[in-house]
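A, B, C and D label the chains in the order they appear, each numbered from 1.
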Amino acid sequence: MDFATLIQILDSAVRLMTPLLLACLAGLYSERAGVFDIGLEGKMLMAAFASASVAYATGSAWLGLLAGIAGAAAMAGLHGVASIGFRGNQLISGVAINFLASGLTVLLGQKIFGLGGRTPSLSGAARFGEITLPFADSLRPVPVIGPIYAELVSGHTVLVYVAFAMVPLTWWVLYRTRFGLRLRAVGENPASVDTAGVSVVRLRFAAVMICGVLCGIAGAYLATGISAGFVKEMTAGRGFIALAALIFAKWRPWGALGATFLFGLLEAVANRFPNLDLGFVTVPSMFMNALPYILTVVILAGFVGRAIPPRAGGEPYVKER
Amino acid sequence: MTATPAPAIELRGISKAFGPVQANRDIDLVVPRGTIHGIIGENGAGKSTLMSILYGFYRPDAGEILVGGKPVAIADSQAAIRAGIGMVFQHFKLVQNFTVLENVVLGAEDGRLLRPSLSRARGELKRLAAEYGLQVDPDALVEELSVGHQQRVEILKALYRRADILILDEPTGVLTPAEADHLFRILRGLKDEGKTIILITHKLREIMEITDNVSVMRRGEMVASVRTAETGPAELAELMVGRKVLLRVDKPPARPGAPVLEVRGLRMVDAEGVERLRGIDLEIRAGEILGIAGVAGNGQTQLLEILGGFPEAGARLQGEIRLGGRPLPLQGPGADGRARRRAGIGHVPEDRQAEGLIMDFTAWENIAFGYHHAPEFQRGPLMDNAAIRADAMGKIQRFDIRPPNPDLAAKSFSGGNQQKIVVAREVERNPELLLIGQPTRGVDIGAIEFIHKRIVALRDAGRAVLLVSVELDEIMALSDRILVMFDGHIMGERLPAEATTGDLGCLMAGVEPARADAGGGAG
Amino acid sequence: DPALIFDLGGKFDKSFNEAAYNGAERWKAETGGTYKELEMQSEAQREQALRRLAQSGANPIVMTGFAFGEVLAKIAPDYPDTKFVIIDMVVEQPNVQSVVFTEEQGSYLAGVAAALASKSGTVGFIGGMDIPLIHKFECGYAQGFKATRPDGTLIINYTGTTPAAWNDPVKGSELLKAQVSQGADVVYAAAGGTGIGVLQAAADAGVLSIGVDSNQNHLHPGKVLTSMVKGVDNSVYEAFKAGTEVEPGVRVMDLASGGVSLAMDENNKPLISDEIAGAIDTAAKAIEAGEITVHDYMADNTCPVQ
Amino acid sequence: MERMPKWADVILTPLISLVLAFAISALVILAIGESPAEALKVMVQGALGSSYGWGFTLYYTTNFVFTGLAVMVAYHAGLFNIGGEGQAAMGGLGVALVVLALPWPHWALALPAAAMGAALFGALWALVPAWLQARRGSHIVITTIMFNFIAAAALNYMLVNVLRPVGSMDPASARFPEAAHLPKLSEMALGLGVEWGRNTPANVTFFLAIAACLLVWLLIWRTRLGYEIRAFGKSEPAALYAGISPVRITVLAMLVSGALAGLMAVNNVMGEAERLVLNAVEGAGFIGIAVALMGRNHPLGVLLAALLFGFLYQGGGELALWTSIPRELIVVIQALVILFTGALDNMVRMPLERLFAALRRKGA
């Protein structure tokens, strides 16, 4: 495999990991605050639909992004009301949100656009274009660094850079701010936060809403960044993969970067080598398609130890039995 | 205008119900400023609930709270903190994987950014440590601290928030005598500064030693408030349980028989590579209680766990254990808790909530826990739930477990009654050897008396008992022989008759008393 | 009234089912008649839907997709007076018309067009779910391509192994980019909703794409080389028009009968040079005349070229 | 004494929640310009209004009972098995291999063998995640998700390359031999002289599902293994104390769970399709999560929740088939039912508790 191929695969991995990374960080906020979230998929789907619809209607990808965030945040709010406000089962609420988004997007899409749940294709300013970073073209001829900068680093939509910037930002929020300290505490031992005079409900709600915002960006990226419009079920299980990545990352921001990169990379490799010819036998494409999943299991079993979730995760905070 | 200053705290007509349970009923309490006020009462009497209300953790159904003579609405803990109230809960409210500093700062940060808060807190902690002798490493993770140190963190949290009124809910339940003494010195220092302290404890000795006034609760009501100087332990005990209580264990001299348990050269290295046991040799005979004293964290837990068949994962073991002369495997399939029970070892674990009970199981299910393979509980391929329930009912009655409802979840019982469930289960099996760790931690004196009686009765029936407790009084009262553990090995052996608290205290601190005398009292 | 049953993909799948829908709508517009339509919700409903329609007197009943084959074979004898039309599958019953398309022939032409339109000599194929039907497209395409450009390179990708493979434009776009980075400059997408992502990404990347099933040239005018159109709409239209007179038996919709073709319209006119148009024509004639036999993957599950 | 009578919590709370869910659904239907009353009529009529509707409702119910029980058993061991989808798919493979391997003379012989095949394949598919969880600490949520994808790929491979008759378009196995066809409930009813549910897919497997509920109930609440599973699920340290091996329980619970999920294939593959098709599971594995959680992880609850989802599935199918309401509406209704009965139940319970407390006070 030559250098150019490597760059292309990495480039592809970056694009593929972006929605995973955003969703993974979204889940990180929520779960670090002690609210499990298997509804990442639904929130992303809702956001993808909302952003595509509004971007189509207004011709502005940015307004679409806002709408996507609003859509996912609405779902997150629902999750918050159910699992924090009413101390409902967080897993059930997440499942419900996945179903809700899956049905509602198509229902609304069909009602509005009559295309069987798709939105019309987006073009022009209704999509996020690829950004060429300064000097990308002039640096391109420089060996090694040139292609890395010009092709790998430059030339993504703004949301990709947002996603990557979220990693240090999340780290900083989590470990360097008051909010982060409280957030981590409420996921480990909500009683400690409560007795310290901080509202558990408000804190968890904030975390869940941040989760919604990030899922919103992820969804908008899917519909208006990497593709041009909404197609039903277009998240295609990425919310679940993000969840897997979150556990893989042991609920840490830099870990999330690594884990989602791994998933992106495995998929990019499988895309690039659909029928691996090993000389004596050709690996069938079904196997190559499943390879990222198989490798995930292997890596998990071989290299990543026990992942301990936030201790209060999944449990509603109840003072009185 | 009256001459006497307003009391620090005044509670009027506080009531609180948890569903059908009336935890507090129309409670009045006055705590004068600058005093140490004791609150005693049986398990489940409502002490913790009352204090949690004062701290804004629970909301009362009715009643009024006055702080410094002025009524205050304490809607949440933030309000309590603002009113100058700090509380150290019975079950600590610490974030286990945070550092001490982070725990102290949590909720009392200076601004949005953490750094400045943390560095200010670091300075403040240093000052508090110097002022009150509350030393803790600010950068240590809480989960790596001993309970005594964790408690210090809780106290530091309150002081850091400039608490004027400090509530401590059973603070000494988890402390060694030395640690308790240390705590009391701190409390006296705080009192001298004019702070007000409310102390909940089951230990009458402590009440007598440190409090100015004492209030007694029974079944959700405040039954008496008296000046400590004007009362005595016997009267308090009677007020508490509503009957006369034996404050000393009456036990006939031991008549030891054949050795039941022999441990030779037992070593253990845990998963992190730390050597926790460094060659333990001990022997327990039938009809004998062997007490192991020691500060928590010196290998007692590991010893009990190995004997009970569940050493922590990844541990490496060496040595020999014999029960009734037969060797027992140390590790592997034949060495689990079930095999140990079958061999005749009963075990009351130190941590009843995490290990001894399934908190979500009903009382009757818990009473079969660990013995669910026993033949009398089987009916064909199924478990005989009727038989288990019947068995449980008997134990609930004989051990006076309250409420006597076998269908209640274990978590719905008070700590003392939870402990009784475990003790009933293990003791009534009449095991060859009973391992029992911290049998009366957090248990009220009525229940302590009862549990002690049952342990002695088991001994008198010719069984061997290995007792581990950080409670020196308990060790001295119950044991026929005392071993002191320090840093994974046995520091020394004493007979209760000849042992003194000071002597044992030295051994517990890892110092030979002879040398301590010569050296002039390290420890 | 006639009736039309769509397969699980739903009638707005932008390709196969939608083509059937368009055929029915055309009939409706022309004749002013009405028809019943159903979308499948689950596997177990197929039989239910067929029986209920038959009982309600619908005739003929047209269904799209091979997945109806088994069920139809089972229930057709129960309703001898009803005519059934199944598309993409052969069911041998006296009251069933089976419409099958020679997708390999249309795809062959697509391969020819791709071979000539490609500057790099490398072209791509992106299939949806990895199932035999799509291999049929792939194999015809490969034959046409290799016949025209024996030294050319063909890159093949499938989106996945679950039904999600039909609805993943993100993956489609990524696969296209992967193929482009390997030099492909014409890519044929037979992947349902995923194909929309492929066509979009191709337009973005400035390479040519080839649509499938319906005429997709208009999606990105001037950027879709052509579309391999399956005359599903015509079949439905004709079946509806024939009404109860639908002729049972197998109808092979091949190149000669116009069942499969390459879409030529205003949108792709600038892309189709005379050379390409000529080559397509020649190949089509040769196939029709039997001079070229395009191998059908389904016949033996293998493809003579890779 | 409880805060409110048990019957109220068990019956009233879910009932009111359900009513709320349907009320919101009605608003959604109104919003898309259709008539809620009409929709409800079609759904009830189509799912429960005739033996024909019941024949479908019970068929779907059977699927959901198995996947619901599968999630439930694992849940009691503290394991979240999201892999029902893959396990059920592999169960289908097991059924197909067994049924096609031998010339079965009679369904009564084929059924137990196929059930064993289904259970075995499902269990094996759960074994790897279980073992990795127990031995290596690999999080079972990730591994079971991954195994769903891997199962899809494996099944695809098997169907396309191994089981598919040559020349068939359809990535599906050959048809099962006539003798191995399971009797439909309608045929059994006919045997009793009753005309019931003609041409519906509900089949004997329904009784297998009922039996599975009973057996699972016995397993979880009446056997030592069940006791140990529950104990382990509630507290791992306590389980260790009692000599319950985490590895053994994790593996056994997941084997049972996988076997139950696999058994679903007897219903849909052997009982209905009578051949193995791609994507035969159709999301039932995921619905099993909702069914188990809504059924409060109790077999009776699972049965009722499965029935509810069976009703929604069939009623919704009818709705989409015979009205212009898109089928996605059903997904929305399902979501609302899950949300209200499963996650927002306290919204109903809290006021009810207050109501009962007030009543009690008045009564006292």
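Going forward, a residue touches a chain if its C-beta (ideal position, glycine included) is under 8 Å from a C-beta of that chain, and two chains touch if they have at least 3 such contacts.
Please read these numbers as outputs of a predicted model, since none were measured by experiment.
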item	value
Selected interface, A-D versus C-D, where C-beta contact pairs are more numerous	A-D
Centre-to-centre distance between chain C and chain A (centres being mean Cα positions), rounded to whole Å	34
Distance from the mean Cα position of chain D to that of chain A, given in whole angstrom	29
Cα-centroid distance, chain B relative to chain D, in whole angstrom	46
Sequence positions of chain A contacting 2 or more other chains	117, 237, 286, 289-290
Touching two or more other chains - residue numbers and ranges from chain B	19
Residues of chain D whose C-beta touches two or more other chains	149, 152-153, 156-157, 160-161, 330
All pairs of touching chains, each written as two labels joined by a dash	A-B, A-C, A-D, B-D, C-D
Residues on chain B engaged by chain A in the complex (per definition of touch)	18-19, 55-58, 76-81, 87, 89, 93-98, 102-103, 105-109, 111-115, 117, 157, 411-412
Contact set on chain D toward chain C in their complex	56, 59-60, 149, 152-153, 155-157, 160-161, 164, 166-172, 175, 199-201, 268, 272-273, 275, 277-280, 282, 313, 316-317, 320-321, 327, 330
Residue numbers on chain A that touch chain D, as the complex places them	78, 81-83, 86-93, 95-100, 102-104, 106-107, 110-111, 117, 237, 240-241, 243-244, 247-248, 284, 286-287, 289-290, 293-294, 296-297, 300-302, 304-307
Residues of chain D touching chain A in the complex	28, 32-33, 80, 82, 128-129, 132, 136-139, 141-143, 145-147, 149-150, 152-154, 156-157, 160-161, 286, 289-290, 293-294, 326, 328-336, 338-339, 342-347, 350
Chain B partner contacts - residues on chain D that touch it in the complex	1-3, 218, 222-224, 227-228, 230-231, 234-235, 237-238, 240-245
